[in-house]
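In what follows, a single structure is set out as structure tokens and then discussed.
As written, the chains take the letters A, B, C and D, and residue 1 is the first residue of each chain.
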Amino acid sequence: MSTKKPIRIGMIGTGLMGRIHSNGYNQVPHFFPEQQHTPVLQVVCSRNEASVKAFAEQWGYAAYETDWRAVIARDDVDAIDICTPNDTHAEIAIAAAEAGKMILCEKPLARTVAEGMRMVEAVEKAGVANTVWYNYRRVPAVTLAKQIVDSGKLGKIFHYRANFLQDWTINADLPQGGTALWRLDADAAGSGVTGDLLAHCIDTAMWLNGSIIDVSAMTETFVKERMHQLTGKVQPVGIDDACLFHCHFENGSLGLFEATRYARGHKALYTFEINGEHASIRWDLHDMNRMEYFDHTDESTVRGWRSILVTDGDQPYMNRWWIPGTSIGYEHTFTHQVADFMKSLDDGTPCAPTFRDALETQKVCEAVLKSARSRSWQDTGAEAMGG
Amino acid sequence: MSTKKPIRIGMIGTGLMGRIHSNGYNQVPHFFPEQQHTPVLQVVCSRNEASVKAFAEQWGYAAYETDWRAVIARDDVDAIDICTPNDTHAEIAIAAAEAGKMILCEKPLARTVAEGMRMVEAVEKAGVANTVWYNYRRVPAVTLAKQIVDSGKLGKIFHYRANFLQDWTINADLPQGGTALWRLDADAAGSGVTGDLLAHCIDTAMWLNGSIIDVSAMTETFVKERMHQLTGKVQPVGIDDACLFHCHFENGSLGLFEATRYARGHKALYTFEINGEHASIRWDLHDMNRMEYFDHTDESTVRGWRSILVTDGDQPYMNRWWIPGTSIGYEHTFTHQVADFMKSLDDGTPCAPTFRDALETQKVCEAVLKSARSRSWQDTGAEAMGG
Amino acid sequence: MSTKKPIRIGMIGTGLMGRIHSNGYNQVPHFFPEQQHTPVLQVVCSRNEASVKAFAEQWGYAAYETDWRAVIARDDVDAIDICTPNDTHAEIAIAAAEAGKMILCEKPLARTVAEGMRMVEAVEKAGVANTVWYNYRRVPAVTLAKQIVDSGKLGKIFHYRANFLQDWTINADLPQGGTALWRLDADAAGSGVTGDLLAHCIDTAMWLNGSIIDVSAMTETFVKERMHQLTGKVQPVGIDDACLFHCHFENGSLGLFEATRYARGHKALYTFEINGEHASIRWDLHDMNRMEYFDHTDESTVRGWRSILVTDGDQPYMNRWWIPGTSIGYEHTFTHQVADFMKSLDDGTPCAPTFRDALETQKVCEAVLKSARSRSWQDTGAEAMGG
Amino acid sequence: MSTKKPIRIGMIGTGLMGRIHSNGYNQVPHFFPEQQHTPVLQVVCSRNEASVKAFAEQWGYAAYETDWRAVIARDDVDAIDICTPNDTHAEIAIAAAEAGKMILCEKPLARTVAEGMRMVEAVEKAGVANTVWYNYRRVPAVTLAKQIVDSGKLGKIFHYRANFLQDWTINADLPQGGTALWRLDADAAGSGVTGDLLAHCIDTAMWLNGSIIDVSAMTETFVKERMHQLTGKVQPVGIDDACLFHCHFENGSLGLFEATRYARGHKALYTFEINGEHASIRWDLHDMNRMEYFDHTDESTVRGWRSILVTDGDQPYMNRWWIPGTSIGYEHTFTHQVADFMKSLDDGTPCAPTFRDALETQKVCEAVLKSARSRSWQDTGAEAMGG
């Protein structure tokens, strides 16, 4: 292992994403041993010293800090991983870029297009490697869907539909804000389900089906006031609890998207479906190791949706894991992204989605929110992604 | 049987709906023997004498006609069943009402609100029994859904979503118009999937969840020209191949609707889902004897979507059929509507959906098409249905 | 219709099967109008005059009787349909054959092989058309399975497994015997789930996969005593509540069968699966309009179980019904059997399964029960079926 | 971490199980940080030096050996993990026990009851901690099933059925024996699917439903000869390709089991179902984060099988992982077993299944094979398991 080039990670944030990214860094060397770049857990940062120290011990970081600026200032850090709330992404990313660090930023890229634009400019000016954690691209079944789409098997695309349904904020007594619930605080999160959930759907959609050119949206805030964790006061809720939109893709297909945290019975039901002239594809995060596929060119009497278990060695990523029929889980999508980032360093290529790719998603999110506010169609200005 | 009051049916039209309604009239006496009103297949009408004669023999009609006006003129007919293309509904219905006949009209009620309004006025002025064949209300699982909604088990409703996905018009060589394909001809049909498919979704939705007050829609015509069956010429296609909309219900919930004939792999995938504060419901026409139900008040560790087989005698309509675990099919929904119509005559009550109820669906359809054309939100003006 | 040859039915029995067969006779002329032989509901028989009279009126029989011998004696009856408990099949069938009547006998053929043998001899001696109502062969998806098996697509067969799971007798307070519950009375039924449920599984299995040559079985009676409806006394239960067996088919494949009325949560879960060298098939009565099919010759990365909706016009029987995507139900399987019987008269061919075919199923049932009693393997002596 | 007690692992074997156990040892400290005993990857052993050296580097072992005896002889090893073919389990385990090492042995415990008995005696005499890797007990959904069974919610149990279906050996050109294919070599494996697959089903079954007291089985070897990897010669195949049996449990319920490697379309379809008086449970490895549950005490009209996503923090093990709705995979079941083993050391209790528990499974496997050979029922002599 001595001949490998270590990429020393400076992790900012110790929440869910801090944990699952740390796991990814730990796991990649075991499952992608041929890679020349290899992650090293160098330093982790969070404001509470006791908890960040415990986190560092638990996950095997060599050091810890309580100020993210100190992490960026360290010479022994090669890459900054941003796992803090959305309102901090721009400031940290720009500082990291200016310090010449690689950056792996949690999604969404930013709260606004304007913030995101500055981040893109910063990393491109600095010429540092950068990626955004839209992890669902790395679900093997979703990567397989991309391969099938790119193969042309679907023919002309007519429809793309996706939803992301949750039910965890129905209780009106749930507070907003603070460490655990910043996603409910518009200042910290920028938006509600649009940035949190729809951003995932949009990233996948534009990766699979090309650019979204205009949108017509509606949003709703079902619970109008919640106590704020930090102030203790009942305050208006600024986020969108639900967001629905339809749209045109550049290829002429119609899109339909919905995200909500008020769909009783669904924990994290991210599904998408693509209907093409010759074939269709469906996927569902609740059964993530499957892809459903309908091929109209099959013999007519025995034609049907195929339930494809994506666990074989000839399917994406699966030669790294166990045996046919045995599943992998949510965390593996992040491990795959670490592996792909390391591989992009081996190859000297970008690791999609880059900040620039993620900015296109940001443009759609912003158009969606603007459309909902104005009750009118909005052009997105989004361009085709790389990757 | 001699003590029963016969309702002598005059059937206009011998297509799919003519066949399946005829079956319903034949079946009701066998399965609802206690009813006092009982249908009699008196006369059937279609323009082609050879084919209408054969139809009459096959289904057991006592007589046939080749001009619908002759049917309405007959003294031995009590009720007119309209199974002809949409562009004929208004004229036939108004004439029938004026002749004092009861009317059972295929959906959609009409091509436009204006047509529908005249039909409502005619039946109400004449005081004749009337109903529109929105048959999916009579799927036992859908009727059960209605009972659950009305019981209050769902609590406050947040979301209603429905789609109706087909794939039979993808082939660009398919002609438009004529007897078999009038649904593709805008003059005959009034609209494409909006009147054909979404109208079903809207009827069920307003029955289950109350009135839709405003809509924002998009439509698309994927195949722009098709040969017309009657003229033999390639002509512009005037119908909507796909229609998507979101909306507000009067109860504050958000609606999301989609219909298309370009969803490869789906034959007649009508599904809906309702998400409430305490519980949710899902249904799918492709597995029509099931209802899925999630009850958040179940014990947390064993809480899950229940897959309910709706085949037991204590579930709607099922005491009329066979034994628990054995299914009924598509045709039974029409048979149930015949039975409910006869029962409404026994009881002296309206048989929902009446023309007036169906007019509310028409208003939403019209607002949807207007919204799509104008790229703007439209109020529907729809009121709550009876029934 | 005057040129058609009427087959005047004499129906013995007015229970569930009496109803569903009557429905079949009523429906066939509407859906199979080209057939030259056509059923006529001539006379129905049951011991209670009031109830048989009502039944005759409800279903449209021209006459009724209260003694089955009177039905057989009538000159205006061409075919006897036996829908009475199993202990009466032999006597009625033999008398009917001797009177030169065609016979349609409910399954199982008889209580024992000895009874069944006498019945086969009687119909063959008399040369009368005969069939046994193993209706599941006429589920379109099951008929499609037969076509696929016969096409050779599966290659060498390794495994056949089937089960029939119900839960309606778990309650120990349920009585046995009498009109409604004769299936729990060993004298009337001959056996429990073996004749009632496994007989279906065995008929389908031998039709699809050839003869079963030896069996090893176990049975259980979970509730040892029940009150008898006719005597009012608590009596030992003589039937098998559950029966499981494994076996060899003549083609070298292994069979696994299970039936029970104690599988909580299952109403009538009849499923089978066939695993071949190149492909596999699965079917499930609870979703009877689907067939699942796995074809190993599909491209490896997109290979999966196909969920085939069997509702298209090019699939068995479905050109008689509605439109693609719309389902038929349990009763249709009986209607198909009536149609096939009438067609067999048109064609002058036997209508499988004949009494002789059904005798092979009887042999397996008897070997199963003997194996369970003796705790040993038993040869069945069954031969390949026709059809 | 310095205050924790390291358990230094000596891993024998570097195949699939060597990899997945190594992953478990690596992961436990990150996800179970409160445990006082913590695994350390001390030494790994395999005969090929180049490959074991690479394995050690990849997984982070401090050292490697090429002779398992050398591992046992080391003072810096606390626990031996046996991941070698079945024919080596007894010798290694007995030597390890005599050396006072803890032992974690891959399943099945041994090839025969006699071998297993000697292993049990050895560990009990030595008083060393021991466990067998029947990992499926640690699927959260399966552990939840155990909790439900133990709660008494099911009432009296009538039926237990399980199968384990694969399709990877259908190709007759697949060789037998050697490093990759020792599972097809009867000398190395002891048996075919009985020890490899059914042993899992039996362990789960007896854990959930108590002891199996007698069995009636059949086995089949579909491909009679295969080339042996080590000799290059075509040799008879000694293993069972498929094994089916039915049985009685001590609690009076009936069991039905099947395993095969010839079920085209199934990769690793391990499923089980338990039917009780009041409720039933189903589980399927291909969708391992779900449990299906039917509760007859639910209100009758909305009663149905519940599809329970087992991903919430109040369900077994899931408070260690991510967020509701996000899945874990196959490898996590092994990680759970490492965690439970470490916890058993913290607590000073056995870690089920112990060698003694696994011997009961061995007794059933042996009775099954004997029954198949002798074509007769066999008593198992199995006793109730602990844990």
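We adopt the following convention: contacts are C-beta pairs under 8 Å (C-beta built on N, C-alpha and C of every residue); 3 or more make two chains touch, one makes a residue touch a chain.
Please read all numbers here as calculations on a predicted model, not as lab measurements.
Peer 1: Compute the centre of every chain as the mean of its C-alpha atoms, then state which one is farthest from the centre of chain C.
Peer 2: Taking each chain's C-alpha mean as its centre, the farthest from chain C is A.
Peer 1: Count the C-beta contact pairs for A-C and for B-C, then tell me which is higher.
Peer 2: Answer by contact count: B-C.
Peer 1: On a C-alpha centroid basis, what's the spacing between chain A and chain B, in Å?
Peer 2: The computed centroid separation for chain A versus chain B comes out at 42 Å.
Peer 1: Indicate the whole-number Å distance between the mean C-alpha point of chain A and the mean C-alpha point of chain C.
Peer 2: Once rounded, the distance between the two centres reads 55 Å.
Peer 1: Using mean CA coordinates as chain centres, what's the gap between chain B and chain C in Å?
Peer 2: Centre-to-centre distance between chain B and chain C: 36 Å.
Peer 1: Which residues does chain D have that touch at least 2 chains other than itself?
Peer 2: 266, 305, 309, 312
Peer 1: Show me the residue ranges of chain C that touch chain B in the complex, using the header's touch definition.
Peer 2: Contacts found on chain C: 1, 16, 20, 22-23, 26, 29-30, 33, 54, 57-60, 166, 168, 266-269, 285-289, 309, 311-312, 321-332.
Peer 1: For chain D, which residues count as touching chain C in their complex?
Peer 2: 158-159, 161, 165, 167, 170, 216, 218, 220, 222, 242, 244-246, 248, 252, 254, 256, 258, 260, 262-266, 275-280, 294, 296, 305, 375-377
Peer 1: Mind pulling up the chain C residues that touch chain A in the complex?
Peer 2: By the definition above, chain C touches chain A via 144, 147-148, 290-293, 295, 298, 300-309, 312, 314-315.
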